[in-house]
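Shared between the two complexes below is chain A, which has chain B as its partner in the first and chain C in the second.
Coming up: the complex of A and B.
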C-alpha cells in the first residue's frame, strides 16, 4: 500500500471545532495519533467522540479547524484514501437481506485488494456460516461480520466507533481478539472509541479523554492512572470540609474518612492535605474505570454521614 | 457503480412490485369509472379526467415513495457511513442508486399504464376512437413521477435547520408537475417543464448526496441547482398559498357585463354580480325591468348566443399547433356529441365523422362528404383536413378554407353549406340558436368571410347575404343571435383583444349588426364599451406579490426565444405570442414587481450584512433575489448555510465561528479554559 501521507502521524487534528446550531460539540481539538498506535478514544455520551470521528471520516463538515487522515485533508476523501482506511461505525450495520458470503462479495467488489483469508478467518472466529442471512445474525455475530468486512481490505488505519457497544462479554472478547490478531501483524493504526474501559485497558497504547467537547487527557493508560490519584484521609472525628485544591475532581466524606480524587497532585497538594491533620493519609491506585469515572463524572463533594441516617431513625 | 446498482435493485425490488400493484389497482379503478353508467356524458377514453387523475397523482406518489425508501433508511447515521465509506466516489454511489431507482420506477409505472393503453386500443373496448398519441398525457405524468423521485431524494438527503424547508424539493417537483398536468398546457410546455425540472432536481439531489446533505461541500453546479429548486419550491408554495387564499377569501364567480338580445330583438346590457344576473338596461343605459323569475330563467326570454369561431389560419398571430393541450380528448377527436344510443366523434387524421354504439362500443357509422355509411360498407369520401369544428347543441359545422359542412347525426346526412367566391376567405363561423332547446332544423348557420356575412339553414338553404362591415380599427365578430319568427340575426363585434391593450379596449365601443333577412335591411348599432370581467374581490390581487410573475413570463419568452433560435416553428409562434403577452404584462405589473424585488433584495442585503457573509459576489445574489422577489428571498434564506456569529473574545466585535481569525483584530479562537486537571502527556494543545 503506498500513496501520499506515508510519513507523519496517522491522524493529525488541529483546532477542530464543530457547532450544531448554537451548541459547540467539539471545541478546538488538537490531537496527533502516531502510526502503529492503538488509540482509545474515551468520553461520556455526548462528549464529542462520534462527532470527531465523523468529521475525520468526512461524513460531517467541521465548522473550523483541520484534520489530516494519513496525510490527507479530512474534507477531501478520495477513493484511494477510503481504501486505506477501514471504518466500523456504530450499530454494526449490514444489509440484512444478504447472506454472509454475499456481504463479502458485495464489499469485495469495491476494493482492489481484498484478503479473503482474513474475511474467512474472522467469520470463522465468530462461527458464522456463509449462507446465513445477515439479518438473522445475533448482535455479536453481526459485529463479527462487520469486522470481517472492515479488516479484509487490510486497511492501514482502522477507525472503530464503539465497536463493542451492546455486545456480551464473550462477543466483546472475540471482537478484540480478532481486531488485535489481524491488525497487530502489520503494525497498523487503530482508533477506537469505547465506553468499556476494561477493553480499552486491555489493548490501547494511548488514550484521549473528551469531556463536553473538550480534550482533557491525552496520554498512556499508565500515565492516566498515575495522574488520577485518590487520597484517603482518616480522622478521629468528623472530617473537615474538603480543601480547595486545583486538581481536586471529586471528594467523598463519611463519618471518619475523607476520600479526595486529585489530578496531577503535587507536593503542595500533599502539604495541604497534611495540614488538615488526619490520623493517616493513604494514597490509592485507581483502576482505569474508577479513575475515568472520577475524572469525567460530576465534580464536587458527595457525603454519606452514618450519624445523619441514625438521627433520622 | 454496478455493485450499488444491483444492491439497490435487489433492496427495493419488492417495494417497486408493491408500488406497481398499487398503481395498477388505482389505474384499474380509474379505468373502470370511465365505463360507469353515470359517466355517460364523458367519453370512454384514456384521456378521461377520472383516469388521468390517477396518473397525475399516482405516478408522483410512486416516484416519491421509491425516492424516500432508497434514502431514508440509509440516512440513519451508521448506515449512511456504511454506504458511503467505500473506495468509490460519491458520484458513482449516487448514480448507481439513481439508476436503480429509475430502473425500478419506470417499469412499475409503465407496465400497468401501457396495459390500460393496450386495452383502450382494442376494438370494442371503448365506445370512442383511440390513437396511441393519446397515451402522451399519462406518459408525461409518469415522467413527472421521476421529478418527484429526485425531489424525494433531495428532501431525504438535505440537512436543514428548519425541517419544513426540506420539502422545497418536492414543491419544485409539484410546480413542474402542475405545468405538465394543467389542462390548458401544451406538449411544448410539458417538454420545457420536464427538460428544465428533471436536470435541476437531479443535479441538486446529486450535490446533496455528495456533500452528505450539507451545503458548503457541494459542487458549485449543485449549489446553483439547489438555489433554483428552492426558488421554484418557494414560488410554488406562494402560488399555492395565494390560490388557497383566493379560493377561501374570494367568491369564485366574477362580476361583469355583456350584451345580449332578447326574443323581441332588443339589445340589452346585462350586469352580472357574483355570477348572477343583477340588472338589465338598454343600450342607452335606461333600466329594463326584470322580475326575479326572469333573472332565474333567462333562457325563456333571451336568444341563445352562438359563439363565432375564428379560423386560426386567418389569424396567424395566435399560437398554432403544439400549443393546444394534448391532455384534452377534443384535440384528438374533435367535438364529440351524442344521439340516442350513439356517440359521435370527428377523426381529423382520417377526415371522417365516426359514430360508436354506446352499448356495444363498436364503430357503427362513418361520415364523409356523401353522408354516413355503415362501418362494414366501403368508406365514403373523407372530409379532408379541417380548419376547425364548431358545434352547438350537438350539431357540428366542419370548417375548411374552401368549404363548410354541417352534419345531421339524427338523419345521418352531411350538407355542404358554402364554397368561396373568388378572393373570398372564411374568417369565422358559428351556429345561431333560436332557443337553448333548438334542434337541427330550427338552427341557422352564420359565416363571416372577408367579403360577406352569410346566413343559412343547417341544410344550406340561404337566409341572407350582406357585405362584411368595415371598421376603422380591427374588430372581431364574437357572438351571433337568431330570432327565427322575424328572421332577424344579430352579430356582435368586439375590439381585437390581441391587437389592443386592456386600456385601449376600455375606450373602444362595441358594435351590434342587425340583419333583418325578411326585409333585407342591415343596421349597425354602436354600443358603449364594456368593462373587463373582474374578480368579485379585487383586493385579493394584492396576493400577487407572492407570485414570481416576472420569472413566469420571462421564462415563456426565453424558452420561445430559444425555440426560435433552434428553428422550431411552433416555438417561433409561441415567441411572438409570449412576447406580446410579456409586453402587456410589463405595462401593468412592472412597478409593483420592481418594488417587491427591491424590498426582497434590501432584506437579503441586510441578512448578508448582519450574518457577516457580505462579499463581492453578493451583488449577484442580490440581483437574483431582486428578480425572484419574495420567492427569491426565501430561496436565499434556505439555500445558504448561515454561519453562527459570536462576539470575539479578544476585541468584542461580532465574528463568524467558521473563520479562524477575527477580521477585526486578527485574533484566533482561544483554547478551552484549562483548570489544571488536564493530562496532556503527548501535547493536545495548540502550541
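Coming up: the complex of A and C.
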C-alpha cells in the first residue's frame, strides 16, 4: 500500500496513557497531527514527550488509550508501516565500529526502497566522508549520519525525537534545512520534539505543549503567542496584590509596575485589571520562549488548556 | 536580487512580521520598484530557513495592505503605490504609532522642540526616498 490514497491525519492519538509502576507519565493524551505539516512537540524534560513518541513507534506499550500512525494501530506495527515511517531516536545512536558507508549499506538492507542520492546528499550536507568510522564522528556529524539513514527510505512520516540535542548552531541549521527540504512534497509530515524554541519558531506549523504528562496546548505558534500575553500595569504608588484571574500564569511586581502574564485574557480579565485603577495598562507581545517559560514554568501550576482541535483543514 | 531580508527568530516580533517589515522597508527605501517580483515563497523560505507558510503569511499581509499584488501562477510583485486605508483608519494608525514613539522616548528627558527637529529631518529623508525616479541602484 503506497499510502498516497490514505486520508485522515498522519497521527491520531486518543486517550493515550502510560504508567511506569505507580507513576503516570502520560495522562489521557488526545492529539491529531494533520498530514503535510511540521509539528513541534514541546515540553520540559520529563514532560512525557519521549514516552509518547515511543508509544507511537510501537516500542512502549500504552497502559490505556489508542493511537494510529498513518491509519495503523500503533501497537501492531508491520514491516510495511516501518518502511513508511522514519524514526530518529533520541541521542543519535550509531554502530561505532562501522564506517559511514557501511552504516548506509547495513540500513539499506532493511528497506525495499532506498534512495542513495538522498543518503549521499545528506552526508555531504553535514561534511561526512564515506570512509569515516561512525564511532569517531562528532555529535553534529553523528546527527547527520542518523538523519541520512532516516531520510534515505523516503518516509512519508518523520518522527524526530530531540534531533537538535547536542548540535552546534551550524549543524542545527543543516538539520532545519533538511527538515524543510523533506516537506517540499506536500504529503510529507514531520513530528519533532525540541527545546530550542527559536528553531521551532522557524520551521513548525503547529505545536503541542506537554507538561507533566498532560497536554496543555495544541495550536499554531502565532495562536500560542497571541493567547499568552503580558500586561504591564503602571501605578502611582506601590501596586496592589495580583488579582485572582483564572488564566494568570505569572506575575511580577516592582515599585510602580505589575506585570501579569495571562492566558486567554478575556474582557472580564481586562475589567478586573482596570478595576485596580492603574495609571496605564500596556499589552506586550511575548517571544515564543518567554510565552513558553511563563506557561510551563513552576508558577504555572494551574491546569488549563490552550486546546484547539480545529487543527485539521 | 535587490531585496535583502534578514530575520531573527526568538525575538518579540513574529517571523512573518519581520519578513513583511523587511519588504516594507525595501519599498520605502526605494530598493524595489512597482512591478519588481518578490522572491518565490519556496525560495525565500529556503533562504531564510523558515516554514514556507510563514513566508506566505507575510506576503498575504502585504497583499492585503495593497503593497504587493498576487498574480496567479506567477507569484508576488511590488504594487503601484495606492492607499488602501480610509482617512479615519490612517489617522487611527498614525495615533497608535505616535503613542509607541512617545512611550519609547518618554524617559530620555527631551523637550518637545528637541524631539521635533530630528523627527522632521527623518520624515523629509523618508519622503525624498519615496519620490519616484530616486531609485537607488546599489
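Details
By our rule, the second predicted complex is superposed on the first by the 291 of 313 C-alpha atoms of A that agree within 3 Å, B and C clash if a C-alpha of one lies under 4 Å from a C-alpha of the other, contacts with A are read in each partner's own complex, and residues count from 1 in each chain.
Here is the rule we go by: a residue touches a chain if its C-beta (ideal position, glycine included) is under 8 Å from a C-beta of that chain, and two chains touch if they have at least 3 such contacts.
For clarity, every value in this text was computed on a predicted model and none was experimentally measured.
When the shared chain is aligned, chain C comes close enough to touch A:203, but chain B does not. Look at A:177: by the touch rule set out above, it reaches chain C but stays clear of chain B.
Looking at the superposition, the partner that touches the larger set of chain A residues, chain B or chain C, turns out to be B.
In the superposition on chain A, A:277 makes contact with neither chain B nor chain C.
Legend: residue contacts after superposition of the two complexes on their common chain; A:97 is shown touching chain B, with no touch to chain C. By the touch criterion defined above, A:238 lies against neither chain B nor chain C after alignment on the C-alpha atoms of chain A.
Looking at the shared chain after the overlay, A:82 reaches chain B, while chain C stays out of its contact range.
Once chain A of one complex is fitted onto chain A of the other, the partner contacts of A:111 are limited to chain B, with no touch recorded for chain C.
Chain A residues in contact with chain B (one complex) as well as with chain C (other complex) do not exist. Residues 38, 173, 176-177, 180-181, 184, 197-199, 201-205, 221-222, 225, 282, 284-290 of chain A are the ones that touch chain C when the two sit in their complex.
Against chain A, in their complex, chain B makes its touches with residues 2-3, 7, 10-11, 76-82, 84-89, 161, 211-212, 214, 216-217, 644, 657-660, 668-672, 675-686. Contacts from chain A toward chain B in the complex involve residues 14-15, 17, 19, 21-22, 27-28, 30-32, 54, 57-61, 63-65, 75, 78-80, 82-83, 85, 87, 89-95, 97, 106-107, 109-112, 153, 161, 206, 208-209, 214-220, 223-224, 227-228, 246-247, 249, 263-264, 295. Residues 9-16, 42, 45-46, 49-54, 103 of chain C touch chain A in their complex.
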